[in-house]
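Order of writing sets the labels: A, B, C and D. Residues in every chain begin at 1.
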Amino acid sequence: MAESRDPSALDRTEVLRIRNDFPLLAHLVNGKTLVYLDSGATSQNPQSVLEAEQEFYEQRNSAVHRGAHTLAAHATVAFEDARATVAQFVGAREEEIVWTANATAGLNLLAYAFSNASIGDVPAESRRFAVGPCDEIVVTEMEHHANLVPWQELCRRTGAALRYIPVTDAGTLDLDEAARVIGPKTRVLAFTHVSNVLGTINPVAHLVGLARAVGALVVLDACQSAPHLPLDVKALDVDFAVFSGHKMLGPTGIGALYGRQELLDALPPVTTGGSMITTVTMERSGYLPAPQRFEAGTQPVSQAIAMAAAARYLMETGMERIHAREGVLAQRMLEGLRELPGIRLLGPAPGVERAALVAFDVDGVHAHDVGQYLDAQGIAVRVGHHCAQPLHRRFGLTATTRASAYLYTTEDEVDAFLQGVAGVRGFFGVK
Amino acid sequence: MAESRDPSALDRTEVLRIRNDFPLLAHLVNGKTLVYLDSGATSQNPQSVLEAEQEFYEQRNSAVHRGAHTLAAHATVAFEDARATVAQFVGAREEEIVWTANATAGLNLLAYAFSNASIGDVPAESRRFAVGPCDEIVVTEMEHHANLVPWQELCRRTGAALRYIPVTDAGTLDLDEAARVIGPKTRVLAFTHVSNVLGTINPVAHLVGLARAVGALVVLDACQSAPHLPLDVKALDVDFAVFSGHKMLGPTGIGALYGRQELLDALPPVTTGGSMITTVTMERSGYLPAPQRFEAGTQPVSQAIAMAAAARYLMETGMERIHAREGVLAQRMLEGLRELPGIRLLGPAPGVERAALVAFDVDGVHAHDVGQYLDAQGIAVRVGHHCAQPLHRRFGLTATTRASAYLYTTEDEVDAFLQGVAGVRGFFGVK
Amino acid sequence: MSGLESLYQQTILEHSKARHGGTLSEVAACETAWPEGTGQCHQLNPVCGDEITLRLAVDGGAGDSRVASLEWLGNGCSISMASASMLTDLAEDLTVDELARLIEEFRAVLRSRGTLEGDPEELGDAAALSGVAKFPARVKCAMLAWVAAEDALRQAVSTAA
Amino acid sequence: MSGLESLYQQTILEHSKARHGGTLSEVAACETAWPEGTGQCHQLNPVCGDEITLRLAVDGGAGDSRVASLEWLGNGCSISMASASMLTDLAEDLTVDELARLIEEFRAVLRSRGTLEGDPEELGDAAALSGVAKFPARVKCAMLAWVAAEDALRQAVSTAA
């Protein structure tokens, strides 16, 4: 994590300057200026990211790693430099970053790698990742479906059992239960760094400690943390981590998987095909070491380059400062919402450090109606279960409204949003 | 397949006009004008494709299918329109197109879907796709590793046996052998439409007939055909087909899988997570029908839109006309190479219809040296095994040089290439 | 905010609270078998997770059979609840064929992206849902009960005497 | 074409044909055990599929052990073949430590992206491979035999008396 500025929060002037870098933010929606509070779903892109991609297609586009010609050499250098940048962004080494289509693909890669280590005729070096009927995979009740369903499916394939750490009423993980659920049978502990619904920042060190004590591997879903706070996978001491480009100012179609090198090199491949093999006969194939082992076929080259441009933009702005800024916005949203009647907030109460995303229920008005009402004012929020049905069920809800901020969000936008929410119940005739 | 023009070959004037649409083709390499003959690996992009992507990020970027706000609605419409366009491009229905990261991912999706139908506690409707020790998967000796290694791995996981149709000295499939290899145990026949090394266009109807006679499913690798000839998956009567955006004027990071709808809806999911589920509890999940069932997580939205722009560009130019044009270029390359001493051509002899790609061996000079020599003249060709090691071994080679043309290739470029090849042996001191 | 007001007309907001026919019991909704001449269908909107279970019975023989009762149990946004309520009002006393035609008409309006306007003579209060057609993400909300009714009707007819 | 001529210097083209030391037999290359004081290593360049198997023996005790023989079997581009041939010429009669240092030096030049020039006094003909450093895709070609030698040397020393 290279920090180039003072670690104090971004100020208003800087935020306004930052906004100029984002073409879409000047867009009108329904004739109103866009108030984009859906960065938790997907973030907007600065000009430098769009230009990096454009520049690639106009000057370097060609197949990487396989061509002997100059264009291919340039493309390969740009592609591998991108890997180095994204590695630096999360404190990893280059060889420890595998490109994926998105974070979901990264989690599925792991779940299939574990099952490939468990099923059929498995090479000796991969057997350490095998799971079976005597083993348990542990997740939490606040997981995004992306960090839940792949593990359910791994259990279906291998006979392993899925267990989970419950969520307290306060929207945090029940750590007493965690200590009971994580035990000698636990082979993998997979959890989210930051909840995409509650905004809760989970105690990674504590959970890693519980996992290490029983020899379990730790998988971190860093989808909501990598974009918003200084992330150092080595300091957190996790074994694997995933995140997505489109949530951190980058393009769609790209994500990354971090894996401790000795683990990645021993993990069996998942997607197979070109560029990840050593020798192929009609009968069998040998595989390259990581990261190539996991990168079959033509890679998302321009997307990797653009994701690296996004990481550079974030590093230059300073992740500490973004995180501090978002803390300010989070409190403003929380406090504003708390003053409105009929609003039920999910997640940690005001005052607790959390991500700048707030999900809430409006008494008597369905979340999709809330969203529609706000949209008519140009305010874009997310409504629904946010791919976390079990968590919503835990709180007796099926859907909530979620506002999520990012480095380009202004106080005025938060205030417009609060004012919008204040009008919802009146509009729908709910007292 | 919408054809808007006369189905005669593109002429020189049109090709020159087309070239103006491709910014990269004006690029200098090593101080020389680029002669790009590596479109078989990855193609270049017309301005309209780059603009489609740029326009998305500047005006519509947002999460599809999940947002209630206007921006999300616009993004969703653009994304689904893109699916309809790509479906039309190959003669499929919208619901029959699944977005993938590339063609390799599409083939792996199928191979994992079959193993998910075979392993663990399998839902009843998926059991028809199960393969086991009594079953056989049939491929060919000319497959790209992407259409070979995933099937080897499927066999490893399930105990099924992999068999293959051999290649004749003339570079075609041995159809007598095909009739013997494809038999009652065959569950899947997977083969390439056009060989990426030999240029051979395989007799799809004949092979589909053999597969149908034994009730096997047919998977077509359309990577080298979709970009270059009019492709109609319904007319070809295949069950599944895959192709990649970056080989058909589109961006990296996107491909498509076609599947007959009734098959796609019954096939078990592979990558699991958000946006592909109905109801999720901590214990189990229900899945949406195709195509959503196979599209977990945030999709390559801008890439899909850009791939559709590429398909439109190709349809407007006319696939018949592109194919006819490439036939002319193929013969020019073949005949030119045949006149040079010490050149061994792979694939069908001149006169036979084939793709505009030619792989060859230069006696006494290693392919990487040939490529390096041509590159110094600005001529970009591909060298190596082209992800087809077994095929090269079949011809007693480890590597070849491959030149591949596309709609923007000129006769002058072919001639420059031929002149370049003519100088190779002299430069390396081989008589 | 004219777009919004065309979507949420007063009659929609009222129906969304009144929920005519929203009286099916949890127990009934969970049953897996029901009398002849009765059909039941559960529909889920995967985008939001909202659900509806609709039960419908028909009376009389092949030629002149009529809707005898319609009840549902569900939870969802104001559009979906209003739509189910309006459908309940409409369905009462219609012949099977009339209801089937009405469902088709409603679907055509909703899928028209705003080019068709529902006829209040035919669709009653549900004509007010015409505005939903301009909000593609909400069409599924308005259709939910109707799709359930279509399937329940098919079942009911097939088992009716 | 000056870039090309700096890559393919005359001496490289000559070595690529002469292939000094390229005399290891197929049978020997396939052996899986060899005498004490001998090491053997197989290297594959996954980009092109080219391979080399190099066998090396050392003489003498810990302090003053020397390379007694070096032979290889391989196929590849002119760079890789020339490089193996040049290494063979160089290795003859070097002490184990000298060879190890030479390999390090060669690697440093090749990885320098063109900022270091090999010293002909030290690297002999192999100094002509300095130009390869400017062609990142070909560095692996030039290194192939040297990486094999490094590993074979390590084995040979570890089993030498």
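The rule we apply is simple: contacts are C-beta pairs under 8 Å (C-beta built on N, C-alpha and C of every residue); 3 or more make two chains touch, one makes a residue touch a chain.
Quick caveat: nothing in here was measured; it's all calculated off a predicted structure.
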Residual chain groupings, excluding chain A and keeping positions: one piece
Where chain A and chain C are represented by their mean Cα positions, the distance between them in whole Å: 39
Chain A and chain D: spacing of chain centres that average the CA atoms, whole Å: 46
Between chain A and chain B, centroid-to-centroid distance (C-alpha), Å: 31
Multi-chain contact residues (two or more partners), chain D: 47, 49, 135, 138
Shared interface positions of chain A, touching two or more other chains: 30, 66-68, 72, 277, 279, 368, 372, 383-384, 389
Contacting chain pairs - touch in the sense defined above: A-B, A-C, A-D, B-C, B-D
Complex contact set, residues of chain A against chain B: 23-24, 27, 29-30, 34, 36, 38, 41-42, 44-45, 50, 53-54, 57-59, 61-63, 66-72, 101-105, 107-108, 112, 115-116, 119-121, 141, 144-150, 152-153, 156-159, 162, 164, 244, 246, 251-254, 269-275, 277, 279-285, 296-303, 368, 371-372, 374-375, 379-384, 387, 389-390, 393
Contact set on chain D toward chain B in their complex: 1, 3-4, 7-8, 13, 17, 47-50, 75-79, 135, 138, 141
Touch list for chain C against partner chain B, complex: 44, 46-47, 49, 135-138
Touching residues on chain A, where the partner in the complex is chain C: 30, 365-369, 372-373, 376-377, 383-385, 389, 392, 398-399, 427-429
Touching residues (chain side chain A, partner chain D) in the complex: 65-68, 72-73, 76-77, 277-279, 288
